[in-house]
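Order of writing sets the labels: A, B, C and D. Residues in every chain begin at 1.
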């Protein structure tokens, strides 16, 4: 996953909860999907286009592609920081993520998600991002 | 929790998945809430009043009270059976649950949930169960 | 659930994440079990007896009884506060919880959990709380 | 994701539960990670190398890379089939997945996971799959 240039960035700190751990005493790999969603919401809030705003604008933006690379493990009580970088927005939303452990300063995970706009009325896939979103990005930048 | 007489009963078998375990290598206590929902859905299907039918009938039925008593632990790969007994339906839905391990024949958990009807239009709480539901119970019994 | 006197209290604020919502656009009832665990961990941290310390002390403390009463619903982005009050500790740990919405100032949920100590070596249930824990509570109070 | 040749295959049927849905009334994208784990466990059971056997053999096999492509959405009560194909095993475990809806016969999701062996004693990454596993694959094939 080559590094793309961030258009908008956000980050979020959290402490790993007990209920996210598996019998190997590390975060179960599927739970990182929640962590990157938390950071994505933080980033979308910044732009003024969170899930509520998406829906009011007449679109939903489902995830169509998601990849996570696991480098090291988070444990109970680990303090972690999730970085989210918006790297594409004109035809779709691509966000890159990096999760680091604030205790060990190690990178734990690198990920990306891709979302596309779907018109809520006719359920049609949009091949260009709707102006209601791209205008917000341009205004923020 | 004294034993009430079952009006309608259903049960469901499952195998404990890895992702439901916690670092003590037993099912994390909160995951039993999913298991009893699975059995509740099985029971409501039997009566012909599952979540889709509830909504079509103009009501939602949120859980207002839930209690679980944990007697023994389920482990990875344990085969378990969840029993659900409808024990009240005229003013609210009360369902009693019992989870048993099919390997050890031990009872793992006893629980109940209480649901009340709320009119989807005016959001008013119903102090009697709507006829659309009670008729289905009577028809089934 | 009558109100007991709090021996130690803790609270925690959070914002409701998207992935905790259900199709009724409210927090799925089972997810409150995570919220009260977060507040319980906060309280146990205060006393100096978190899950890691429990294990080092030679005991695990499984939940044996849990009840939640749902009064109102949390929505996406709701800011909520979870209060945890330790109300029993000499023979078992009983914690009362109250979840309030910081936006509407409504109480959303009242709950309790009961935990008992089990010796990690012989797996025997302890009918009195081990001194390693009660000493910490007394020291804190 | 080009199609690789399956060395061992397994599949699993399930019905989409209510608690896996999000406010868009479709399965929240992160929950597919559980579905593919269920199918992976089914496949590993077939070979005789499930999570318990892994640990007994002295290795853990964490996921190091995971990708999911979302093509269409599963809804409440959808009957789905998850296919898992072992496509690499000599240096690492690579499994390809395909989730299809048994009601609409549509493909919902394509995914893969990559796992590597780590020695439980010295925590060293294994650059070749341990014989205890490759022997089982060869015996099964």
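Everything below uses one rule, namely that a contact is a pair of C-beta atoms (placed from the backbone, for glycine too) under 8 Å apart; a residue touches a chain by one contact, two chains touch by 3 or more.
Since the structure is predicted, the reported quantities are computational estimates derived from the model, not experimental observations.
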item	value
Between the pairs C-D and B-C, the one where more C-beta pairs touch	B-C
Most widely separated chain from subunit C, with each centre as the mean of CA atoms	D
Between subunit B and subunit D, centroid-to-centroid distance (C-alpha), Å	29
Approximate Å spacing (C-alpha centroids) for the pair subunit C, subunit D	34
Subunit B and subunit C, separation of their C-alpha mean positions in angstrom	23
Interface hub residues of subunit A, defined as touching at least two other chains	18-19, 23, 30, 34, 37, 51, 76
Contacting residues of subunit B [partner subunit D, same complex]	17-19, 34, 37-38, 41, 50-52, 76-77
Residues of subunit B touching subunit A in the complex	18-19, 21-23, 25, 28, 30, 76
In the complex with subunit A, residue positions of subunit D that touch it	23-24, 26, 29-30, 33-34, 37, 51, 60, 62-71, 73
